[in-house]
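Okay, so chain A shows up in both of these, paired with chain B first and chain C after.
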Partner chain A sequence: MSEQSAREVFTNNKEAVLLLLPTLLVIVVFLYWPAIDTFRLSFFQTSLTSERFAGTYNYIRLFTSGSYQNSLLVTFGFGFVVVAGSMLLSLFISFMLYEVDRFTSIYLITAIWPYALPPAVAGLVLLFLLQPDLGILTYWIRSLGAVFGLDLGLDWRTSGPLAFTVVSITAIWKQLGYNIIFMVAAMNNIPNTIDEAAQLDGISRTNRLFKIYVPLMSPTLVFLVVINTIYAFFATFPIIDLMTSGGPGGATNILIYKLFIDAFENFNLGYAAAQSLVLFLVVGVLMYIQLRVTDRYAHYG
Partner chain B sequence: MAEIQLENITKRFDDVVAVKDLNLEVKDGEFIVVVGPSGCGKSTTLRMISGLESVSEGTIRIGGVDVTGQEPSDRGIAMVFQNYALYPHMTAKRNMTFGMNSAGSFTDEEIEERAMSAAEILNITDLLDRKPGALSGGERQRVALGRAICRDPQVFLMDEPLSNLDAKLRVQMRAELAKLHDELGTTTVYVTHDQTEAMTLGDRVVVLDGGQLQQVDSPQRLYDFPENRFVAEFIGDPAMNMIAVDVADGTASHPAFTIPLPDADSLSVGSSVLGVRPEDLYLADEREATSPETFEATVSVTEPLGDSLLLHGQIEGHEFKIQAQPRRTITPGDTVELGYDPDRLHLFDRDTGEAIYHSDPAVSVTPPGVTQ
Partner chain C sequence: MSSYRQTRRSFVRRTGATTAAIGALATAGCLGGDDEEGLDEVDSVEIELWHGLSGDLGEEVSSLAEDFSDQSDTITVEAVEQGSYRETMNQTINAVRSGEPPGISQIFEVGTKTALDSGAFVPIEEAIPEDRIDWDSFLVPVLDYYRIDGALNSMPFNSSNAIMMYNRDAFSEAGIDPDSPPRSFQDVLDYSDQLMDAGYEYGITWPNHSWFVEQWFAGQDSLLVNNDNGRDGDPTETFINEEAGTTIFEFIQELMDKDAVLSTGIEAWGEAQQGFFTQEAPIVLYSTSSINPMLQGAADNDFEASAARLPVPGGEQAGVTIGGGSLWVPDEQGQAEEEAAIEFLLWLTEPEQQSRWHQNTGYFPVREESIENLTEEGFYDENPAFRVALDQLEADQDTSATRGAVVGPFLDLRTTVAESYVAIADGDSVDEVLADAKDEIDEALEDYNERQSE
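Let's look at the complex of A and B:
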């Protein structure tokens, strides 16, 4: 058999090209072309109606801007808190779900419920629950504080750290379901007899989780760290938009939200284009580091 | 080292009874093999001893201590699994020492010493730095054994430890297990479905069927004096031939033959089942006749096994097997003259399957309801 014939499915190239065309069209129009145009735009100073070549002006402005530096810091903080928080919390919940014998599916559904909500709805739900004056959760927390003689204002509309906390909690809560699905699946893949060997060895639960399960789940965990990073950097946009609009005082103004405001409220497309390129590079580099580091520790079969 | 006592053990899974009212005593230092067909409750029994499975009713004692409600790790046992159950992300050595490290009651030197001596016994000192993925099946099972030895348990529990190995390795490991038991002298409960393993390894063999104890005896006694039809047919390969006969005045009669039962002049139990092992039947021209009479059979299938020739014969439409000498030219359709060993006849009750009579003079079975 010749080398070619093994893979030759179509009688001529035209047919193949024709079939590929719809996909290619979509990719080019909605991905490559915007990406290239963004790159081009980042070197232009723009207004609503005109654009003018400005060299590296946008980039210089960006890195000398205090608000951008703040946004960069907030983003990394937020990313770290959300990824670490949602991973750890999901791991504990998954472990409990894995160990429980009764009502397993009810618990599982309850745990992954938040993931079924669109981010905007999730943001709204927590916005109501945590509303400083009327929210039920804030009421409870305030009542609890009163027991210890604390007068908790909890007005996260004016306090930067509080706003950051609230947005982080929302973002973590929203992502739990996704992580739990994967983690429970990964735990269920661990052979029963390994569990039993651990029982016979008298391994404590914490040791079992971190010294046996986590290493055996590591390929899934690597995947989740990457997905959660992307989530924290990009997909938390609706939560920020709904709950804090980047405020107060830029405390929750993550890069993706800032560039959206610069592009579509301040109509400074060139500046926003430069920001999105930087964001792209930041996430790209981060992902590379994550994969390199975790690859050393992950145990693949 | 310790003895194990199972008292009236019952295990139910919902409405299925897996083990029913099992009583068993394993002596200190004994190697006991539990054997039976799939689903007979042998693994469940082992897992109840280990504590991985709870007991529905009854008491388990290890070394005189009631361990029925104790955690597996507190029972002083070590278990070896069929699929090794090694931690795949740890080296062989870490696999062996992980439990001791976590227990925290051992010094590092102690752990090191135990791991090294276990590795030496099992001849795996070169493999200690490898992960299970880089070990062969036999090596993995050795590491799993090493892990068990490291725990220095009172009791070894083994759940079909050789079943995942290829035939040749299984024979080799079988011998090594026997040697290991001689060296360590630890009480061992060994579960298998393989009767060769049961016969070769066990000081005593426990036969289970349908969750119920059938017989506990030394391998040879189990083979020579099965207490019921199930044991007779389960132990021995090829299985014992069972022929419906009518017994009156010490003679078993069948439309095609009558066989006098030695030393059972007055045995009259009516219709029952006569058991003869294939190796206790022979072709009349092969050796000097030991049986008072011979009878004819038609050969339907021949299976040359190398060391012997297995014939499927027909007498009056009743099929049974004969182990004849090899290198014979016998083809299906031939008629052969058969003899039998009169000291190797067994008689079972047609309804209950209980043994009524063994023709071996050493027999001591006195079945109930038999008038002699």
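Let's look at the complex of A and C:
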């Protein structure tokens, strides 16, 4: 009823176009036009002020460049670790939050807190906590290692694998809150009767989580996988920028960071445009596969 | 470190805003622009000076611009801080591309070649009438850095060198004569041993910045890139992995093996400074532009510091190269604006202003007279550290190596060199690291040349 009346207000096409115009204008000027210009630019060799058509030069250079191949590898590794890590961890935390009877809102707020931080602040906080010489966390990890007779250097500013671990932890931690909000909401939507029946049948908690809750909340999980992938590929930029600058030796040089450096530090716009186009395609294809694959298992009530 | 990073991000936002604003202006139908009226035909003209100096340095630039505007009847110069050097360069590029350049832009030393190759700037030596300037009274090593193919393209402005500062009290404590600072790499290694025996955590520290490696190439009178360090045509190859480079990185490796160096992050000036102030590392390599804050910081932490020449392999220094930035005048602006920019540069490089700039910031003056005047006033007797910096500069042998490399993709090169330091710290072998570095730099050079060729 209310839906119908809402439609009737906009029967006038001209009015609708007029109302949409500001939005469309903004989208065209700030999204489509730059996107088309990026596409064009990717076929040009650019210097400071001039540009020259160069065909596929940028693309050929891209795929023959060792540092780009490394960057691709790092990005996929990072994407996988961050998406899998943040999804799994959030799932466990959400389930615990859902199961607990007392102080639920306090636990919930505590768990969601990291999401309230801007990525740059999250990066800085962990940078200080995990700083190799002065960080409080590294201090305790090192002390713990000493108990077992290990001398942990933990200098992730020089060790690639360690740096990768550190930015992954930060990226996962930052994304937890967002996932938990959605997962807890999804769990709350599941009728209690199912859970009660399962408990009566004596099914273990892990089994209940994976056999009952996960299938029932699958639409939310599909959505979160997509959002987390976009997050891992694009929105982790500030974390990389603040913590490692893509180093050491390119170990954390994800595609989005590399293209920023090539565009705005090396002043190579054409090359960066080609990279951003490839990145766009990679994420687009990934998204398509994820939606197709997960759709088969998702259960939309 | 972090503040610089944050401003870089705010820059991304600002670029968006600027682009939008420029776009709006362009569609609104180009206001003002290409008028051919000269300076004497207009009543007043306003120009902006874009620079990348923050804090006290930025305020000094603003006060210079204000003083100039006050004494000029027609010209107003407004100093606008655009963030870091890199941001200033980016903003300038965007502005030039959109046809709305500032009157003057400060471009850091590594952007020199890129700016020159763009052809978007007026060569300063041609733009200034010969009878209005006496180039012979300029400091030669400073001019030499910015003079490419015999022509001066920009006005040297803030020029600095690398210098060594050391903790005199620590030296005394370790039984080292505080008046004989280390001169060679071997000295640094020996002194570090002694300092660490005396209970100091490390011997030395410096920001992991390619600039110091470049200084050590100059110090050994070795070229960093071919084609006469890029001064005789576009460089196509680096010599980073040849003897001079190996010597430098083996020295770094030896320091690391002894745990004698406090390793800092890439371009982390603050970290090195802290290491010196907290007396963890009694020797620090730094920039002459920070002599005053360094001495002050030492005093605040209850020790006495001195400045000395940058140590080099073998101890005999061929020279140091200039760092800092110079002022460029974009081509695509009104005649009156361009002439106003030149007027400001002429005023700025007068000995009086240069003395003031030198005293207040630690950057070198570009005029010999400034130094002579300050010597007479006894400035250097009171500030011997400034004298050390000048002596080091004036002792320069004039070769292509000490004039410094001219490289298009200089930032690329710098990142690669800084990463090499990191790889050495991670335990990789010097030969391997430098061979990789050479590959990367050569690729960047090839790509740059490819993009420049028309």
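Side notes on the structure shown:
Operating definition for what follows: the second predicted complex is superposed on the first by the 284 of 301 C-alpha atoms of A that agree within 3 Å, B and C clash if a C-alpha of one lies under 4 Å from a C-alpha of the other, contacts with A are read in each partner's own complex, and residues count from 1 in each chain.
The working rule: a residue touches a chain if its C-beta (ideal position, glycine included) is under 8 Å from a C-beta of that chain, and two chains touch if they have at least 3 such contacts.
This one's a predicted model, so the numbers in the text were calculated from it and none came from an experiment.
Taken together in the superposed arrangement on chain A, chain B and chain C fit without clashing. After overlaying the two complexes on the shared chain, residue contacts for A:238 are found with chain C alone; chain B is out of touch. Using the contact criterion defined above for the overlaid structures, shared-chain residue A:289 touches neither chain B nor chain C, since it reaches no partner. Within the superposed three-chain model, A:267 lies in touch with chain C and out of touch with chain B [touch as defined at top]. Of the two partner chains placed around the shared chain by superposition, neither chain B nor chain C is touched by A:16. For chain A, the partner touching the most residues, choosing from chain B and chain C, is C. In the superposition on chain A, A:46 makes contact with chain C only, while chain B stays out of contact range.
Once the two complexes are laid over each other on the shared chain, residue contacts for A:144 go to neither chain B nor chain C.
Put simply, chain B and chain C get as close as 47 Å, counting only Cα atoms, in the superposed view. Shared contact residues of chain A, touching chain B in one structure and chain C in the other, are absent.
Of all residues in chain A, those touching chain C in their complex are 29, 45-50, 52, 57, 61, 65, 67, 120, 124, 127, 155, 157-160, 238, 241-242, 245, 247-250, 261, 264-268, 270-271.
Contact residues on chain B toward chain A in their complex (touch as defined above): 50-52, 71-74, 77-79, 81, 83-89, 98-99, 102-103, 133, 147, 151. Across the complex, chain B is touched by residues 191, 193-194, 196-197, 199-204, 207, 211-212, 215-216, 299, 301 of chain A. On the side of chain C, the complex with chain A involves touching residues 2, 5-6, 8-9, 12, 23, 86, 89-90, 93, 96-97, 114-115, 117-120, 263, 265-266, 409, 411-412, 415, 419, 422-423, 425-426, 440, 443-444, 447, 450-452, 454.
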